[in-house]
Structures are given as structure tokens and as C-alpha cells.
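In order of appearance the chains are A, B, C and D, and numbering begins at 1 in each one.
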Amino acid sequence: MAGTLETALVQTLNGVQFGFILFMIASGLTVILGILDVLNLAHGELFSIGAYAGIGVFGFVIGVVGPPSGVLGGVVFVLAVLVSVLLTAALLLPVGTAFEALFLRAIYDRDQVYQLVLTFALLLILLDVKKFVWGNTSLRTDAVYSAINSIPTSELVGLNYPTYNVFVILVGVAVVAGLFWFFDRTKTGRIVRATAIDREMATAIGVSTDRVFTLVFALGAFLAGFAGAMAVPPTAATLGMGTNPLVLSFVVIVIGGLGSLRGAFVGALLVGVIRSWMITLYPPGEIAAPFAIMALILLVKPEGLFGTWGETA
Amino acid sequence: MLEARNLRKSFGELVATDDVSLEFGREDGELVFIVGPNGAGKTTFVNLLTGFLSPDEGSIVLDGDDITAMSANERVDAGIARSFQVVKVFEEMTVRENLRTVVLTERGKTWSLFSMADGHDDVERTVDDLLSKFRLDDAADTVAEELPHGDRKLLDVAMSFGLDPDYLLLDEPTSGVSTREKEYVIETVVEVGREAGVTTVTIEHDMDIVTEYADRVVALHQGAVHGVGPPTMLETDDELRRLLLGVGE
Amino acid sequence: MKRTEPTERDTGGIGRRRLLSAIGGSAVAAALAGCSTLLSDGGGQQSDDGGDSGGSIPEEPIQAGLLTFTKGAPGVLGIQAQRGAELAVQRINEAGGIGGQRRIELDVVDEGSNPLDSYNQFIEEGKEVTFGPISSGTHSQIAPEVEKNEVVNVGTDGTVTTLYEETVPDPTYSFRFQNYDIMEVVTMAREAVERIGADNISTVAGVNPGYSFGEDEMRVFTQAITKLTGAEVVYEGFPELGASDMSNHITSINSEQPDVTFSSLWGGDVTTFVRQASANDMFDSTTVFGTTLYSAAGDVPADALAGTDIYSGSRNYYWGHPALGNWQPGRELFDAATAQDGVTVPTAHYMSGYGAVTAWATAVEKAIDLLGTYPSQDQIAQMLEGHGFFTPAGYHNMAEDHQGSSNSFAGAMVYDDDLGAARLDDVNIYSAAETAPPPGVAGSAWLDSWSG
Amino acid sequence: MPERVETDGETRYRFLGVEATRREAVALALGVVALFAVPDVTRLSDSLQLGVIHQGLLFGFAAVGLNLLLRHTKLTSFGHAAFFGTGAYATAVLAKYAGLQSVGLLLLGAIAAATVMAALIGALSLRHTGLYFALLTLAFGQLLYAIALGQSALGGSDGMPIRPGPANQPLLLGTTFEPAVYQILTYYLTVAVILVGLFVMYRITQSPFRNALDAIGQERTRARFIGLPVRRYVWAAFVISGVYGGVAGGLYAVVRQYVRPEGTLFFLRSGDILFMAILGGFRTLVGPLIGGVVLIFLQDVGQDVTQYYEFLTGVVLLVLVYGFPRGIVGSFRSGGVVSERLGQLRREPSAVADWARSAVRTTERKAVESLSSLRIILFGVD
């Protein structure tokens, strides 16, 4: 009988890992929503394309590197996986750019409901593009998951916890740090934030908001692709995999506060850990848990935890 | 009578309303102008009176009853109406529909789901009356969005009048309006106010208008009352002139 | 410990002559039973040109409809059933068609959206028989309509236990070929006792898909295993269909360390579960017994199965038993199935399609022999009640209560490199009598009646 | 009989308070005739399914309800399936557990349940506007979906049948019918409910209540300052639109005699209801109904045409957003792009040539723009 303390710790770590995956998915959605004030319903499909494309890229890159052997082999293998994930995410950049420039730019001035219709149309189109490119059956990456798990990490601490989950948590922390660094420290990041806060002022100081918007949407697509590639190894890429993450991302960004990156991070971890405890204590509550949390928080704090601006009456 | 008693309101460290006590409408239909440099707390004061904001301390009393906790729409029923510095009208409705909506609401008819909106003759008559009073007859069927700025301002004020208020608070009704139209707007306001016996409190920057029309003037500075008195106060009070006009030593 | 040799009635040792007479002797029945060699050497079977039996057999082809999943996650089950049905129809047409002249034309429609409308469309188009569906929800939605439209429907799947207990208590035209939930669950309960021994099973856990099917299977398993071993259920997890993360359930099982973990996961969920379970070393502390894990045979990769301890049922058909070497019908079916696209190895869902068509076709053939003319819907329905027939999976009987009963198979799930898919090792067979309640007795009542 | 009324130089006909120009009256009459002719028309060709059109009308009716919120108070409800599903499940529960058989009682139950649900969800969401309102209504919808999926009493994912009484069928006027006859009679029941629903919605749009909702939708702050208790009005509008969803859901359950969470409560159904309102033209009264039939028809027939039917629906929605923002009905009405283009064509038929030229020019410009943005993004923002 494993110690109940150890079980509680592992269950919490499971929740943290799920929370980081959720954050990676929701971060793209939050960036687009916070800066462009656009709710991108097609975000789940971009995530799903990241998963499908990731399988191809993993196959190619891992094929070159070969399975990990020994400590050095392990490090090389992990780097290869990281490179593959970044490569996959980069594939989504042109997709994001095309979406924004070709479709979204024309209707910014129209009321929001048309943006919902547009992004829903793109969701349907991407659904069938995946079906056309990758077919109906589900695809898997062979050996990435078990290869990384063969690298001992948690065993050193005497904890029975897959190394891939540790890998996800570490990469998640890096993504959070990276995003905050990008928006706080880099020139482009500050330009983007300025545009978000006050578009007229930004144009006044010479920022081409069109280009910034395209950049932001491309970044959102990049993050979605990144999340897809990270999330696929333990499971499989299926046509319908985009719907659940999309809905969970809604929950995360509403809990965190529309458009706030810090809120999305806290929201994602909150949903991940509470869902994990809920499943352990009351298994049938698994599907309802996130929505119950969201409704509860919105009733207590209408603009979400870190709501930058509340659209409340 | 509408009284403000020791109103206090601050946003973080910024004290917008600093212990203000004033009263309006001792005689019905009086026309009071609120003057003061930018950031003196004029708009905040009007927002407190009309329920847009709630004070940190102090109270608002209308004819003896404390209405500090009363919501904005309840204050309208109690007879306090306001217009906005940045015009807030129903953009997709025509001028006539804007006014009809106001009068229907004032008469409590908007809960009816099955009567015809334009079927209430008393309402239509009031709307026509407002249109003529505010010289908006020819613009009656144009959508608010397409109105020239002056007419939009007039519509905004006309809508407040449409509430048949006892007290009317106007936030710079003439700002952003060409000088030719300024006279036209303020004259309409004064004329209709006097005729209906409505106590009108107006925030105004144009000193010529203030001196010409004001019964009383309230000067605010850094959230506090600098002085209350007849329009001649503007000439005699050097301190005030320095504040307002940047004139003097 | 190994079960005794399969009984003589199982197809293994049956003689050719007795087989031919048992299958009703018509060319179609023989073709469907997979005994084409018996036909080819012209063993003294009756002439069967149909014409001479005096009755009028219509010329035009029989319009048949099949409702199954052709895409999406359940497609992994639905496409198997579709290919099985297509092979059966092909064999019927090659053997000259029903009654020697009526070919079958099979129209396949995806069950994924608006299955009720698709089914009603079949009836409006004048289908003479309908097969399917796969999902239990659709089956309980369509069964009442079948009774109203009075056109025979032989269900390939939709194995919910309550179909003929509550939804349609006294069916006339609605039949179901595949072993239903209680049969496959009781098979796995007995398999667990066979493999580990009743007195070694004191704690049990379950990881089942989070919808009606999974909940039904877990409820029946709990009832069966507590009767057989007195074990206590220590954990019940219900991951969402298509869940990407099952770590919480696996960690709970690691902490409870149950002797047996029961699972009715199917399709893609099997691989996700097995992979994440082996990553968390779950198989060190428990043995997994699953009713439909083998449905992911063609999908589960080698690295996922390595080092696991999994026993899976395969409902009423396993291609590997009896061994392909000495069982001609099995060999031919395996070769034909693996040639069809979308089929790595034929699973029990393949046989659900093949068997449903066979049940109907052989019943109609028998009716033609008895009546001398093409039977009406009522006559086909009556003929199907108590109708025995053969498929390469062995002998099946469509019981009086319209529920098909066949042997069930179970074995250890291992990866076979040259096959490129998983297979079952050391297969046990359980007869229908051991796994199904007698006709007319409700499943849970039958389980209650078991002595402790 | 309709009386002629001359208002500002245009002859209009007024009948039972419904005022329409000649063109609108003709269109209305044609529409009603079409509604009644559907069962016979669908018998002609089997690509036209009565069941599909019927389902389109039901979802369209829910969209008419949603449109009260979307068109007037400008609130985008992304959880309207919550009321559709509540109506459907209320009917199923009453049929199964209360043994109610008469269609009338079942529908009353659906209306009551939907009203209570709308009142509850409304009270909890009306503090929000814009995306918050959309996401919160979506969350409540998904919460109901998860509950229906999780509860075995509600049949879980298998759903529930509506087969009360010995006849295994809800009773229409106290009697049972053959399936085919039942299908047609319930269709005519739906048509009756739709006509009543449209008439009531029309009268609401002519009433002072509509002015209040428009005021709240267009300038919510000013609405408070003309004396409107904004939250109570939004709440009332929410309940009314919820009732329309509940009636549609109840009818759906009575007609199909089976309800599942996926088909009635899932958020993609809320998406359908929202997008059919826009497809049909949310600035019109009848638009959402027509949008409903078109969208459901597209999704159903699309599957027989090609396995990429989602792509097909997606492209149609794109054409809607860029080409016909006012939706199907809105575009035909005066001021809509179709009626304007037709006018242009009548005046000078060569207009088609320069439309094509301008279309080519815009796509070219867009392509160049996005390429340059991509180049700059990949090689750093200048």
C-alpha cells in the first residue's frame, strides 16, 4: 500500500503537469484575446495541427538521433525532442499570419459576433484540412514517450512519476518565463503591449498596428502548435482532439481574467490541480469539474482573478 | 431642494471631491454653473450627485430624504436627470426613436410587450414637443450616428429634458460645438429650463456664457468648494480669476 | 493453469460430413461458414439452383442497409464491422445470391450524426433488411423504431444489457448477433479466476470509459467478481472518452494496488491507458483484465505492450483460435480480411458485421427450403428465433429472446512482431451457457442467483 | 380582413397589428404557404428529408429566441443549447418518470423547466456583457451537458427515450398514430407553434419593451440614466429567449422520441443556434428560422455530397461573413447587398466585369500584404 502522502504528492504533480499543458494551450488564446480582443474558436484546431505535424517532425528528428543511451545520449535525445517541438510550432507561424492578414484584418471594425462566425468557419475548414492531409485514423509517435521515460529522474528521488511529465513541467516553466520575458523585456514585446493598451497612441508613435496584430496572431498560433507537439507523445493525434482543449482554455482564461497572461497561468494550474483532486475524490465529477470551478469563480469575482478590465455592467 | 453634505471621494491618493457641501434649487428653475480648472473634480461631483459614482463619505439629500444609496435609475424616477460630456445617445435609433424611448421609459410604459411603441398618443405628442423645443424637427428621422455634433449635443440634452426632471445636471453641453451653435444650444437649455421650472446645474468653461446666463456660480478647486456666488464673483475674486484664466500677477 | 482441451462441439475436431449437414447444406450457408473447399470438391450437397422448388423467388437484388461508424474515434470499431459485412455479402453473391438468384447490395451509412434519420432513410428507401448499429445509445434509440417499421434488423453491436430487458422487452424484428455486455464481462470475471485463482483476488479496481457503456460494464463486473471471489472494489475511474491524460486514475491504482484491474476501454483510449500505465509502472502491482482491449489490436504499438500484464476478451471471435494452421475457414477469413483496407487483423467487431449478415442470410435460406418461396419479414423473424448457424468463428445460435449466443474467447495480449499487431496468447474458450443468462432471465437477476 | 394604411407615402397593410409593405406581405404569404407545403414537397425527392427540415425549423425557432438577445441587447449567448436541452430533457423526464403522455402537457413541462433554467442562468450572467457573457453562458451550457452525461438517471451518454404509456408514443389529441402519420402531424404542430412564436416575437419587436432592449444594447450607461433598471430588462429578455429554446427542445423530444446530451446540450449545438441566427440575418425577425433550415440542411446533405462537409459549411460561413453580412434574409431586404447588386445589374449589366476585377485586385493586395508581414515576422520587426 503506497503511502497516502506519496499518492497525494503524485496526484498533485499529475495536476500540475496537466495544468502546464493547459497553460501552453490557453496562452496562445489569451495573447490573441488580450491584445486583439478576438476569441479564436479555431485555436483548438491549431493545437491539433501542432499534434499531427509534431508526429511527422518527431519521426524525422528522432530517426536521425536514435534512442537515448546513457546520460549523454539522454541529453541529446531531450534536446532533439525540444528542437522537434520548436520546429513544429514554427510550422504554425505562416498559418497564423495568413489567418490574420487574409481573414481577420478585414473585419476588425465589425461587431464581435462576426469574429466568432469567422473563427468558427476556420475551425470547420481546418477540421477537414486535417482529414484531407492525415486521414481519418489516429496517429501516434512511436518511442518518444517511452524513450524519455527511460531516462531516470523521479526514480532518483524514489518517486514513481514518469520522466515525460517532469519534462513537461520544466518546459512549461520555461514557456512561462519566456513569455513574461518577451512581453516585459524585449522591444517587440513592449510594442505589442503598448498597442494592446491604446491602439491610437501606438499608431501615433509610429507602430504599424497591422503588422503587430499579424505578429500577435502568429505568436498565438506558434504557442498552439508548441502545445500540440508537447501534448501528443503520451497519447495520440485524433481528428476530434481540438474541441476539449478549446473549451478548457475558455475556462482557464475566464478564471484568470480575459486577456491576462498571469491570470491564464494561475487559472491553468488551478484547474489542473483541482481537477486532479476531484478525480481522485469523486471520479464521476471529472467532466463537470472545470465548469463548476469557472462558474463559481465568476460568481465570486466577476472579472476573474486578474481581470485587467471587467466588462461588467 | 437637492443638497450635497460633506461629500468626499478619492481614487487612490487622488482626492477628487474634498468635503463638498452645496445646495441647489432653493428657488425652482435656478441656473447654476460649476466652474474650475481641469481636474477640479467638477465631473466627479456631478457623477456623485447622479449616482454614477458612490461617495466615500457624506450624503446626498433630495427634499429631505437621503438618497445616497439610491441607484442611478431610481434617482431618475426621483427627478434627477443628467447628460454626458461625451455624448451618449442610442446611435442606431433615429432622433425621434431616441426621444420616444426616453418618454416611454419615463411614463413607465416600457414593460408592455404588446402595445405598439408608436401607439401611445400622449407620448408622441411629448416627443413632437421636445423636437420642436430643441429645433430637431427636420433631423427627426435621421439616425443619431449620422447627426452633426451640435445636433448630437442637443439630442443628448433633449433626452435628459424628456425625463421631465426637477433637477438637470449637464456636463459641458457646449463643449466641442462651434461658437455659432454654442449660443443656440445654451439658449435652448436656458429657455426650456426656465419655462419648465427645472433647476439646471451645468459644468461650463466658457466664461462669457457663465457671466451672461448664470443665476449662481460654484467654483471648485482641487475637489473643494473655492467659492459660491453671483456671476459677478468672476470679476471680483482675483484668486479665482488666476485659477480660471491664468490672469493676474 | 490451462483449461481442458476445447470440447468436441467447438469446430476443432468436427467431421466434414456432419459439418455440411449441420449447416443446412445450401451453397450460401457453406460459403458463409467458410467451407468453400467442401463445395469445390462437389461433396454430395443438394442441388441448389432454387428454381425447381416451385415457389417464386424475386429476381431483383436485395437492398440491405448497414449503420456503422465510418470515421472518428469509434471508426476503429465501425470500419471492422463494415468490412466483415462486406465480405459476407461478397461471399453470398459469389455463391449465387440468396435462393440461388437474389444478390445483396449493401448500402453503408455513417452512424456518427443523426443515426435515427439515417435509419429511417433506409426504411423509406425500401431496404429489406438493416444491420448495425455499433453504439449502445443508437441501438436503444433505433430498436423501438425497428419494431414499428416491421423490417428485420440484425444488430452487429450496441451491446447494452438492458436492450431486450427494458427498452424493447418483447422484440419481434430486432435481433442482436454479438455477445452482449454481460456475456463479455462474465467471461473476463471467469478469466480472472482462471488465471489468478479466486482466493488470490481480494481487491478489484476499474478504469472504464466515462459514458453509459463503461458504467454498465463496471456495474456488471462488480456484481460478477464479488459473487465469484468476494473481492472488494477499491477504486472506480471513468476517464472521458478520448481523454489525453489518465494519470490520476493510474496513480490511484498504484496506491490501492488491487489484485485485478478491470477495464472496458476500447480503440485509442486503450493505447493511451496502457502507455501511461507502463510509464507509471502500474503493471508491477496489478493485472489488467479487459473486455474490449483487443479491439485496439491493430493500433497499439509494440513499446506500449512491452512488460505489461494484460488479459483481454475478444467477444465471440478470435482469428487465432483454432490455430490458422489446421482450420481452413479461419485461414481463408484471415487472409480475406487482412486484404481489405483498414483491417490490420480482424477483431470481434469484424465478426459482428460478418456474423450479423450470415445470421440473416442463412435464416432466409432455411426459410426458402421449408416454404419453397421467398419468406416475408414475419417469416424471416420467426426463422431467426432459435436459428443455429456457422461462421469461421464457430457455431452460433440466435436464441428465442433475439440475443445471439456464441462462445467467448479470452487470452493474454502480447505484441507479435511479424504480424505487426497485438495477438492473444494461450486462449481460453467459454461456452455461451457459462457466460449468458438463460433466455428471458434478466442479467442482474441471473448474477444474483449465483451461489457465493 | 387586412385594412390599407397610408403611412408616409407608402401603402402598408395592417392585419391583427402586423404591418407590412406589399412586398413584405407577399413574402410573408409565400413563406406560410411554403411551410405548409413542406411535407408534400419532401415526398417528391428523397434528398429533401422532412426530418432534416423539421429539425432545422426547431433549431431555427430556438435561434429566433436567441435573436431577441443578440439583435436588441447585443448580448451573444453561446450557451443557448442549455435551454434547448432543458426543454428536451424535461419532456423526456416527464414522459419516463411522471408517465405523462399528452404532447400538450409535455410541452408545458418543457416551457416551465426552460423558464426556470433561463431565470437561473440569466440571474447569474446578466452582470456581464461581450465575451464574458458568451463564455459564462457557454460554461453553464457545458455544466448541464456534463451533468446529463454523468447522471445514469438521465440515461448518461445513451440518452433517454420519449415513449410514454402503453402506446410507446406521446399522444396527439389523445390518440396514437402510425410513425409516418405521427411525423407529419408533429410537423404541423411545429408549424403552428412557429407561427404563434413569430407573431409574438413580431409584436414584441413593435412594443416599448423592444425600445428599452435596444437602448440597453446600444448605450447601456445611458439606458441606466434614462431610468431603466437594466438588469431586470436583460433578465426578462433572457427568460423570453430561453422559453423559445425550451419550446423548441420540447418539440424536438416529442418529434424524435429520443434525446441525447450530444445532440441537445453540447456547446457545438449552442454554436449552431448562434451561427444560424447570423446566417439567416440577425437584424431580421424571420432570418434565424431560415438560417436554421439552411445550416442543418447543409450539415446533413453535406455528408452525402462529400466526406469534407465541414469544409463546405465553413466556406459557406466565410461567404456569409465577407459577402452577405446581413445574412440571407437581410441581404434580400432593401439595403442588403443582394438587392443593391441586383439594382446595379438592372441598370447596367456590365457591372459584373468590374466586380470581378475588384475582387481579383483585393485578393492580390491581401496576398502581398500577408507575404510582407510574414517576411518581417520571420526576420524581425523593423
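Structural remarks
Operating definition for what follows: a residue touches a chain if its C-beta (ideal position, glycine included) is under 8 Å from a C-beta of that chain, and two chains touch if they have at least 3 such contacts.
Note that the structure is predicted; figures quoted are calculated from it, not measured.
The remaining chains, with chain D left out and nothing else moved, group by touch as A, C | B.
Set against the C-alpha centre of chain B, every other chain centre is closer than that of C. Looking at contact counts per chain pair, the maximum sits at A-D. Distance from per-chain Cα centroids to the pooled protein Cα centroid is smallest for D. The distance from the centre of chain A to the centre of chain C, each centre being the mean of the chain's C-alpha atoms, comes to 40 Å.
With centres taken as mean Cα positions, chain C sits 80 Å from chain B.
Chain D has its Cα centroid 42 Å from the Cα centroid of chain C. In chain D, the residues that reach two or more other chains under the touch definition are 149-150, 230, 307.
Counting partner chains per residue, chain A has residues 131, 284, 287 touching two or more of them.
Residue positions of chain B touching 2 or more other chains: none.
Which chains touch which is summed up as A-C, A-D, B-D, C-D. Residue ranges on chain A touching chain C, taken from their complex, read 1-2, 4, 6-7, 10-11, 14-15, 17-18, 21, 131, 136-138, 140, 142-143, 145-146, 149, 160-162, 164-165, 231, 234-236, 238-241, 244, 276, 279-280, 283-284, 286-287. Within the complex formed with chain B, the chain D residues making contact are 17, 203-204, 206-212, 214-215, 218-219, 221-222, 224-230, 233.
Interface of chain C with chain A (complex): residues 70-73, 75-76, 210, 236-240, 242, 244-245, 247-249, 251-252, 254-257, 268, 271-272, 275-276, 278-281, 299, 301, 303-304, 306, 342. Listed in rising order, the residues of chain D touching chain A in the complex are 70, 74, 76, 78, 124, 126-132, 134-136, 138-140, 142-143, 146-147, 149-150, 220, 230-231, 267-268, 271, 274-275, 278, 282, 307-311, 313-315, 317-318, 320-322, 325, 366-367, 369-370, 373-374, 376-378, 380-381. Only residues 46, 49, 51-52, 55, 149-150, 152, 155-159, 161, 163, 168, 179, 256-258, 260, 299-300, 303, 307 of chain D touch chain C when the two sit together in their complex.
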